[in-house]
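Inspection log for the structure reproduced underneath, given as structure tokens.
Labels A, B and C are assigned to the chains in the order they are written; within every chain, residues are numbered from 1.
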Amino acid sequence: MCIGEVANVSAEITYTSRHSVEVQVNVMSENILTGAKKVTNKATLWYVPLSLKNVNKVLEVPPIQYARKEQEDEGKKRYEEQKLDRLETKQRNGDVILPVINPDRQTKEPHTVGYSQSSLIHLVGPSDCTLLGFVHGGVTMKLMDEVAGIVAARHCKTNIVTASVDAINFHEKIKKGCVITVSGRMTFTSNKSMEIEVFVDADPFVDEPRERYRAVSAFFTYVSLSKEGKPLPVPQLLTETEDEKRRFEEGKGRYLQTKAKRQAQMQQAAQQ
Amino acid sequence: MCIGEVANVSAEITYTSRHSVEVQVNVMSENILTGAKKVTNKATLWYVPLSLKNVNKVLEVPPIQYARKEQEDEGKKRYEEQKLDRLETKQRNGDVILPVINPDRQTKEPHTVGYSQSSLIHLVGPSDCTLLGFVHGGVTMKLMDEVAGIVAARHCKTNIVTASVDAINFHEKIKKGCVITVSGRMTFTSNKSMEIEVFVDADPFVDEPRERYRAVSAFFTYVSLSKEGKPLPVPQLLTETEDEKRRFEEGKGRYLQTKAKRQAQMQQAAQQ
Amino acid sequence: MCIGEVANVSAEITYTSRHSVEVQVNVMSENILTGAKKVTNKATLWYVPLSLKNVNKVLEVPPIQYARKEQEDEGKKRYEEQKLDRLETKQRNGDVILPVINPDRQTKEPHTVGYSQSSLIHLVGPSDCTLLGFVHGGVTMKLMDEVAGIVAARHCKTNIVTASVDAINFHEKIKKGCVITVSGRMTFTSNKSMEIEVFVDADPFVDEPRERYRAVSAFFTYVSLSKEGKPLPVPQLLTETEDEKRRFEEGKGRYLQTKAKRQAQMQQAAQQ
């Protein structure tokens, strides 16, 4: 999307389980001068309703009516998959990205994980929050994209853009007054893409006597672009430790799975 | 006003009635490098004071002293006119701009009302509000100008600028937590200007069991500019329904009235 | 720092007295494409801890451990100097920069104090504040730099940049709902630099029956740059009144003192 274009954002509820709502969002950009339109972003978001009186109580979702039975079945399938994914990411949550001090980072070899690893801290202020005093999902997502973008740019030293974001998992709410640490590290590179894992950890240091906890995690995929906007080959990630090698293989697994899924969709579309 | 210029904003109370205050605001832009200054905006705002304890109670305004008796008389005349205008707009308030779904809009003919009609929604957050939890007038005005600008640009597919804003009528307060819908449609075109009507409707969906209500309405006038900044002819609005034709005639009335007023002012200035 | 660069901000506690903490902050800019890094800003900030329950009560600071005895001694020396500086600025606080009305300013000669003098007002809203409802230091500093920049640009009518900021003294807290007046005037010019004094005065006009008070004050030093980014000679300040002449001499004193300090540091660095 470029400066001066109009963003047309539309959203629709596509599935409801007992305690969650699936919302599909489409962003179309419109060049006003030429009238040209194109889809620039698509996303599927899952929400859970909380009680206004007791923010720790999850409420029930009124069910929606489906136009066709298949829509409900497909929604249910997406719901089950998403549930499984969340479980998997929960297990990864013990993992920690240690903050790298700047001079330390400079001793690393280019293209290693440690070389591009980055993190930022942010004090959650009133304007980051919803009316109930919890951080807006959009604020967190913006910071995560910022860190992931810095990791990608440090790795390949070119212009980079977000190609896709894997499910962003909001494990826990973040309250006003927390200090959050957003950290990212590269986990995998294919020929033309980079996968970056991003964690958000919250430190409720003023109000509550509670330990730092993992609040959000996600994988971002970036591509490198030439000045003319063409995708460039990406320098391959140098893995050093056992953990880095394991994460690289896991990333490869996700990459191949996504690729297979996309090819299946394209075949399906071609057959219709 | 261009990037890097200094805006000199000055404001002064020019009339007080029992329950309202007239404030005249002048904006001058100053090009720092050349030192050149010019008036870029003028506006007259009417405020009503509310009690800090009971926001539904209107307080009395302490009267100001006028340097000359004529100033008070002219102020009173502006006050009466403004009151009449507000009454008129209140009557128009039953009117609704139906949201246009994107694919639907694409079936419309260029230059019809439906083709350029636009709307956006916005959740009123803490940073949009004053200390008492009501939306800042300036926040609403910015969103209205944004929608009106999109309507104008979609109609004529050129660079456009706001030429003037008719009285913006704040019919009701908007509370923190409301979802507001800002919608605009073109009502009239002259040779070189477009009139766009903008509504702001508020939905207090979380806190209160209250219906959606019309909170603000106004007419914006835009002109179309060439790349060199010269005014361009505007494609004429195609009216289809009876309502659209009626609104076009009403817009023409406002246009002619404003034109006559301006000519009278210029003659008066020439005679002095 | 330029658009697209990554700012690496690091901070560390370098001294603690009984009731205050010295924090040294370093900002390094990193050009992602070339990997080049350079220190762009350095600052020393002093904080005082306040009780969360009673914001007027100053708490005790837990002492830090120093790696070497000299670090503590040097910190103590900086602490004493800073205390002395604060005392001096307190005495200057009776001073007032009268707001200049625009047409009035135009009658002044170029390069006089009155010609470039500037001020702005700002209503302190929720998003300017910390969780306890006091203005963020950073918000105030940004407004002060804005006013100082306008003063500098009006004086020399070129591109200008902040070279350094003398201790910003936060004399008193500013509460949500205050109207603040930020005003600046040029006090001194050397061949290639301008010193601008900036005051922040707070008017707690809604909540409390309290008089306007001086909340913050500081000196900013600006340099004038050519289009190629080279420092330009600065037009000399024309002082008219006795007060202006006295302030010019005081500014010269600060300028010579800073210059001597920097030369001593460079000699020390060269000897090591």
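Here is the rule we use: contacts are C-beta pairs under 8 Å (C-beta built on N, C-alpha and C of every residue); 3 or more make two chains touch, one makes a residue touch a chain.
Note that the coordinates shown come from a computational prediction; the quantities given were computed from them, not determined experimentally.
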item	value
Interface composition of copies chain B and chain C: same or different, split at half	different
Relative orientation of copies chain A and chain B, as a Cα rotation angle in degrees, nearest 5	120
Chain centre separation (chain B, chain C; CA means) in Å	39
Shared interface positions of chain B, touching two or more other chains	126-127
Residue ranges of chain B in contact with chain C within the complex	6, 8, 10, 28, 32-35, 52, 126-127, 129-131
Residues of chain C defined as touching chain B within the complex	101-102, 118, 125-127, 150, 153-154, 157-158, 176-177, 206
